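Right after this note come the structures.
Here subunit A shows up in two complexes: once beside subunit B, once beside subunit C.
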Partner chain A sequence: MKHKIGVYICHCGGNISDYVDVKRVAEEMAKIEGVEISVDTIFACADSSQKQIANDIKEKGIDGIVVASCSPKLHYPTFSSVAEHAGLNKYNYVHANIREQCSWAHSDNKPKATEKAIQIVKAAIARVKESEALETIEVDSQKIIAVIGAGVAGMRAADELADLGIKVYLIEREFFVGGRIAQLDYLCSTTETGKELVTRLYEKIMDNPNITLFTGAEVIEKKGSIGNFNLKVKITPRYIKNKCKKDELLKAIEVCPVEVLDEFNFGITKRKAIYKNFPSEYPQIPTIDSKNCTRCGECEKVCSSIDFSQKEEVLDLSVGSILVATGFDPYTPKENEFGWGIDNVVTLPQFRRIINMCDDKLVYNGKKIKHIAYIYCVGSRQVDGENKYCSRYCCTATLYTSILTKNKYKDVQSYHFTRGIRTYGKQEIVYDKSSRQGDIFLQSYEDEPPMIEQKKGKTIVKINDILTNKMELEVEADLVVLVTGIEPRKDTNISEVLKIPKGRDKFYNEIHMKLRPVETVIDGVTIAGACQGPKNIMESMNSALSAAAKSYSIVNKGKLNLPPIIAVVNKETCTWCNKCLDACPYDAISKISENGKDIAFVNESVCKGCGMCLPVCESDSLELLGYTNHEIENMIKALVD
Partner chain B sequence: MPENNKTIEYDALIIGGGIAGGEAALNLANVGYKVLIVEKDLSIGGKMILLSKVFPTLDCSACITTPKVSEIMRHPNITVFTSTQASNIIKKDDGTFEATITKQPRYVIAEDCTGCQLCEQACPVSVDDQFQYNLVGRKAAYIPFSIASPRIAAIDIANCTLCGACERACPTKCIDFTQTVETYSLKAKTVIIATGFQLFDPTLIPRYGYGKFKNVITAMQMERQLAPTRPFNTILRPSDGKMPDNIAYILCTGSRDKTVGNPICSQVCCMYSTKQAQLLMGALPMADITLYYLNIRAFGKGFNEFYAQAQAMGVQFTKGKVAKITEKENGNLLLRYEDINGGGVVKETEHDMVVLSVGILPNQGIAELFSNDELVLDPYNYIGQSDFLASPAQTSIKGVFVAGVASGPMDIPDSILSAGSASSDAANYIRHLNKKTVSV
Partner chain C sequence: MTVVNQNLPKILVFSTEKISDPAIDMAGLLKLHYPPKVYTIVVPCSSAIKPKWILKAFEDGFDGVFIAADGTDCPYGESCVEKTSALVQNTQDKMKTKGIEPAKLRMAAICSVCSEAFVKQMKTFTEYLVNQQ
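On to the complex of A and B.
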């Protein structure tokens, strides 16, 4: 029982004191037994007030404090650390919220607001009286991080962490690294190509003994929590030996009789069942796509590196933190959406592959391309559809593609059917450049999107143009490029395994959009790159490095301090009715046997102190430290007295 | 008081204590590095601490900045010097840095000031309050603003008449006119530049009449009128203190405009204007708000939805460039513009207040802080990024990193990410330096 309590009532510079008579609250509190000091302060969070609280603790032997101010979300850590630095256990400090829960809510009734504030603080004093000193729980943390996805974001994060001395498992589902960037050649605002960037990152990864790269790998199960996650990772075999003979492999690709649409080229070309996406791709070993391979054995006949005896494996990995960088899918248009289905209508990613494959002449389906119509915002900014968001990268990527096309083939003319160009920041220069090379810009009304139709074998784009005084214009296009946006990965397996929440736009959700953009509500799991929302490379890298910094700060000490607000079991009264087992959302509860009796056991490093197990306990054998029955009952008593 | 020209040593020097510098400092401090933040102003928090609410979530900026700021101030591994600048930064052969740190006197003994504001009440001198963007006045003895950190008084010596009223009023006797400039020699292993931005000066576009027409204000001034620590408790137009009921915003003021030397887009003004429009609809339910724009750049997470929300609330978005503003006798303003959505005709519309959505520009003189190595700037005078695809924070000097708007226009979430990136690279640099495996 605390009997020398310090109570500090904050004015919040008028935010509270304009509606609550804080002086009176302080006077009333001074009358309560056990309260040693009760004062009001203009800003409790100001350095000088913090100093005063610390002095009171040190000099007057205060053994419990109550600060009545704003929401504990804002300043709970502030006053906890004041208490701690002054030598008082931080769990002997109780916070009372008299701003959000009182002055702001009752600005229309000052006397009642004051009464309510008195009640709130009284209850807090009752709780602090019964509060116990608690120590944080120290758990060992694995100094290993799993990075999921080896696109540019994942690779860069892995490289950074490994450089910081952390062991990294880099887990890529495909058989090759680089993600979407490997599919791009020239990149905007730089002379470095996508391939070169991927090569640069890949070489650093291979150079660093701290990184283990798994390809064809997928996380299928997660157990444990921050500091100690246990992952099960399924590895699909390549069916090709690690040390392989290059020329034999090329032969093998040649003889394979199976042909399927090549996803890497977005279905505009075909590939074999044994394949590589492009000659210099990493890792530089082909793979056999077991879904389409007929096991005809043709390749085995010409190549000694083929090994059909390789088996699927499941690995158990223990890691301290998980960094998710699983990227995005390009939007696939619906049948007939902006002419999708017509043979000279392609998507922007497809067009980028076409440019890549056409050397000196731009030809598609055997036809020379001169007039190109770009239709913007396909699958983004949908008025009726689900994707309400802007995909961010595509205006710039399209204008850049148009510049690239002009530079490479000279005699092309680009028409941009936009909804207002969004070349934010320095990317504005790309817009300016494309205008100067003679590109033509048209803009549709929000409720009248451009129409694509075929007339006598010609593909026509029609628009009611805002920019030329509502004129109805028609452009005959040799190629229509649908500027498709970015979508969250369709395959949701990994998010289900990790339980990462998604936002309205279905991208992974951060804890706080402004201040904590790479952390998730799952402690120890961070998100980076385009899986959190559309981003260009630089933005993906910034988020990858930020996520790396956060994940690093979790594991770098090898120890973690977890808050001691956890459930505890009364071993005497527990009868293992197992109700708590199902109630716990974190799998923190298990059954143990002690002295011949089955009882519940709470894993203190997994328990989050949510309290879900308490109400279901039939024998009332569970207590939440920091919120014990005793403390809560004492608060209720103070309120009804 | 620390003795003059003392040598001090830190792992990292961070120049600028805005949200980017602060976030970078916390990241480094949390993994055990000792950090010095030098901030040229009286308080840390940069622009963000002065904003009203922030797009696209509309949380109160002061409420989310102050916990960050107090975390920075109380962190055992972070030292903050306000009213301070770094200069003569020299890169040594071993990859470490030396710099001169110059701290201007506050004329107040920081340790003893309780922030009681009695000096402020006693001071007879009134000048424009720069933290309220000159909407109201302040004293020469003053607390910068109510949520400043540190929240202690300072004497604005340029305007002080040395009357001594504050000295007599101060209950803790902490006013000290004998304070002088303090200098330190700093040794650090890495430097992060987080010097943020300045606002475009709209007097450079005379046809908008800023400075001449009273009811033409900047968005930062509107930001202050909307903030919880606002000067008037409501929105007032300057000429006559009337509550405006027909407000116009002119987007791209000083951005995307080669004639004023700033060809790029400022990246935040479309969204902050959309945000202010929404807040104004709440503060002045009867008012009409019109945004004159070229393109609305609602590109980030949740931005396009936020733009749609403003349209649904009734904010008027008019596509058109405003050519000229003229002032009427009653203080109202006539905007002449080309109405692009309405068929390209030139129109004139009357508003009772105009807010200029001014663009952002880099702070000058940062390259000059470095003595022996060249800090390369980009064509728009932001700090150049030497490997912007793989290490966006890397500058032309190895071991010197850039965070936040110092490298180009960006909003708060992007500033936080860029700060994370800078701190990660800086931590790596320090680690290699300690292990002597760095190539310098």
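On to the complex of A and C.
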């Protein structure tokens, strides 16, 4: 029983104290028997507060602490280590969640939020009183990491991990690697093209024996937990032999009678059912798209490398950590949104493919293009739609595209219909350059966006321009480019399988935006690149490398220290009835004989602490450390008292 | 819902560390409000809840107990579904013999992103318990 308890109530800036009267909570707690100190603090996680807690433990002989602040998912490790460093066993620290589960959840009802906070902290005190000092348990961890998605983020993370000596399974859903940048040629802010970047990364990956790349591969099931995940990965075959004859394959593509819209070119061209997106694409083997292939057999007649006997496979992979880098989709405009549906209205990703395909003259739909109107913030910063966020990449990418276009075709004139340019950091240079080449900038507020209309076969863009004090201006455009923002990847079941929480913007959510930006609440699963939110390549790399470091730190020792939350048997009362053995999913329980009596025995290194054995025991002879009858029952009492 | 705060029933929620508790956290993050007399105790897995804890909650003054179960997402395996149902059944039998209405113990699977489902459960359960009062 603890009788010198320290209680710390956090304001969290105002996140808690705006709704909960934290001073009152601290005062109420001070009245409880056994509470030595009870104070409120602006930020419990701040250095100075941590020092104060440590000092209280050392100097005032505090034997148990309660920190009432945000969700324990964020700062449980912080305060555990404060306790440990000050010489207190970390299991004598109990966390009370009064932000996510109190101040925020009841921000509509301040008096009740304060009352609830009082009960929550009381319960935490009741629990810490009963808490025991426990030691962590060591378990083996697989020294293998699964990286999901082979875009720039995934490839770079895999490369880094493999260099650190970790085995990597790189799992890509498409048949080719590179993700979105393979679809781009020149990239801002260097002269290196997307294809060159992909080639460099691909070659490094292929050279490294630690990496196994799976294409046409999707994770369909996840079991287990940090250190020991078991994944089922479905592999769809290419239907082409590994050692293939290149010239025969080219013929096979030629004779294939099936034509479908080419997603690689965002639907502005067509491709065959047997295809490769561009000549130097990796891996350099074409694939047969089984959804559209009619099995007519024409390709088999001209090519000996076709192999329809290949079967779908499901692989079982064991890994210690999972790094998710599944990227983004460009926003698809709704019908009529900024003229979408008119034949000379395209999206920025489509326009990048058009530039790539037009050598010396810029021509689209048989018409020469001279005047280009770019409409910004399509699918981003929406007033009515759901995408409230800024997609970050697009201002820079558009201005850069305008510079590329001018360099390549000389006689084009660009008009930018913006909502204020956001070329942050070094990207400001791109803005400067496009201004100097004679681009014209117009700007609207969010409530009065530019209008696109067709008049006598001409496409007119109109705006009430705020840069010229709301003059009504119009531009006759040969091509309208909708600067579409980005959204998380669609049609992916990976979020279902891994259950990573998503934020308000539907991108994957990190535990803490500032302090734990690549970890998720699913222990052992990290996130990188644009699946987490809009990012340019450099930002994607930053997060890829930090996610790699985080995943590495989980597996690198081959051992993990896990909480000592295991089941223990009361030898006195146990009368061996078999039920716990049946309930245990891990075979951690066996029957032993002690002093002439059969009783249950729990194997510590096998027990995972799920507690499934507890409710089945009729003599109540099993307890889970950290969740003992005393702890739980005292909490229940304190919550209603 | 037109419930006067004073008479709000007290609900004890057993949530699970990896699955349903993150959903409850996210409900807060998204400021999806629910009745303020809902209190949570976190356990590793929903099939670890002892019937005697639930009975104790009623004895001590809770009006309802809700198990925010792991469902098929349980990190400890699928058997969780069946085991959680079994303990609910077992507890409800015991509640009957003690004269407690079995419907005052509810269970639903709340996945790690099912914040809205959680909030809805809390609202309907509160409403049910208010009508019982």
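Criterion: the second predicted complex is superposed on the first by the 434 of 641 C-alpha atoms of A that agree within 3 Å, B and C clash if a C-alpha of one lies under 4 Å from a C-alpha of the other, contacts with A are read in each partner's own complex, and residues count from 1 in each chain.
Convention: contacts are C-beta pairs under 8 Å (C-beta built on N, C-alpha and C of every residue); 3 or more make two chains touch, one makes a residue touch a chain.
Since we're looking at a predicted model, the values are computed, not measured.
Contacts of A:R504 after superposition: both subunit B and subunit C are touched.
Once the two complexes are laid over each other on the shared chain, residue contacts for A:K426 go to subunit B alone; subunit C is not touched. When the two structures are aligned on the shared chain, A:H75 is found in touch with subunit B, with no touch to subunit C.
By the touch criterion stated above, A:I537 is placed in contact with subunit B alone, subunit C being left untouched. When the two structures are aligned on the shared chain, A:G558 is found in touch with neither subunit B nor subunit C.
Touch criterion met: A:I636 reaches subunit C, while subunit B stays clear of it.
More residues of subunit A are in touch with B than with the other of subunit B and subunit C.
Of the two partner chains, neither subunit B nor subunit C is touched by A:G297. Residues 73, 504 of subunit A lie at the contact with subunit B in one complex and at the contact with subunit C in the other. Within the complex, the subunit C residues that touch subunit A are 5, 10, 12, 18-19, 22-34, 36-37, 39-41, 43-45, 47-53, 56-57, 60-62, 73, 75-77, 79-80, 83, 86-87, 90, 111-113.
Taken in their complex, subunit A has these residues touching subunit B: 13, 15, 42-43, 45-48, 50, 70, 73-75, 77-78, 81, 156, 160, 163-165, 187, 189-190, 192, 197, 200-201, 380-381, 388-390, 392, 420-429, 432, 445, 466-470, 503-505, 507, 512-518, 532-534, 537-539, 541-550, 552-553, 556.
Partner subunit C is touched in their complex by these residues of subunit A: 71, 73, 97, 99-109, 112-113, 115-116, 119-120, 123, 223-225, 499-502, 504, 521-523, 565, 583, 585, 608-612, 614-616, 620, 624, 627, 629, 632-633, 635-637, 639-640. Here subunit B touches subunit A in the complex through residues 27, 30-31, 54, 56-57, 59, 63-64, 66-68, 70-71, 73-74, 113-116, 146-147, 149-152, 228-229, 256, 263-267, 295-305, 308, 319, 340-341, 343-344, 378, 380, 385, 388-393, 408-410, 412-414, 416-421, 423-425, 427-428, 431-432, going by the rule given at the top.
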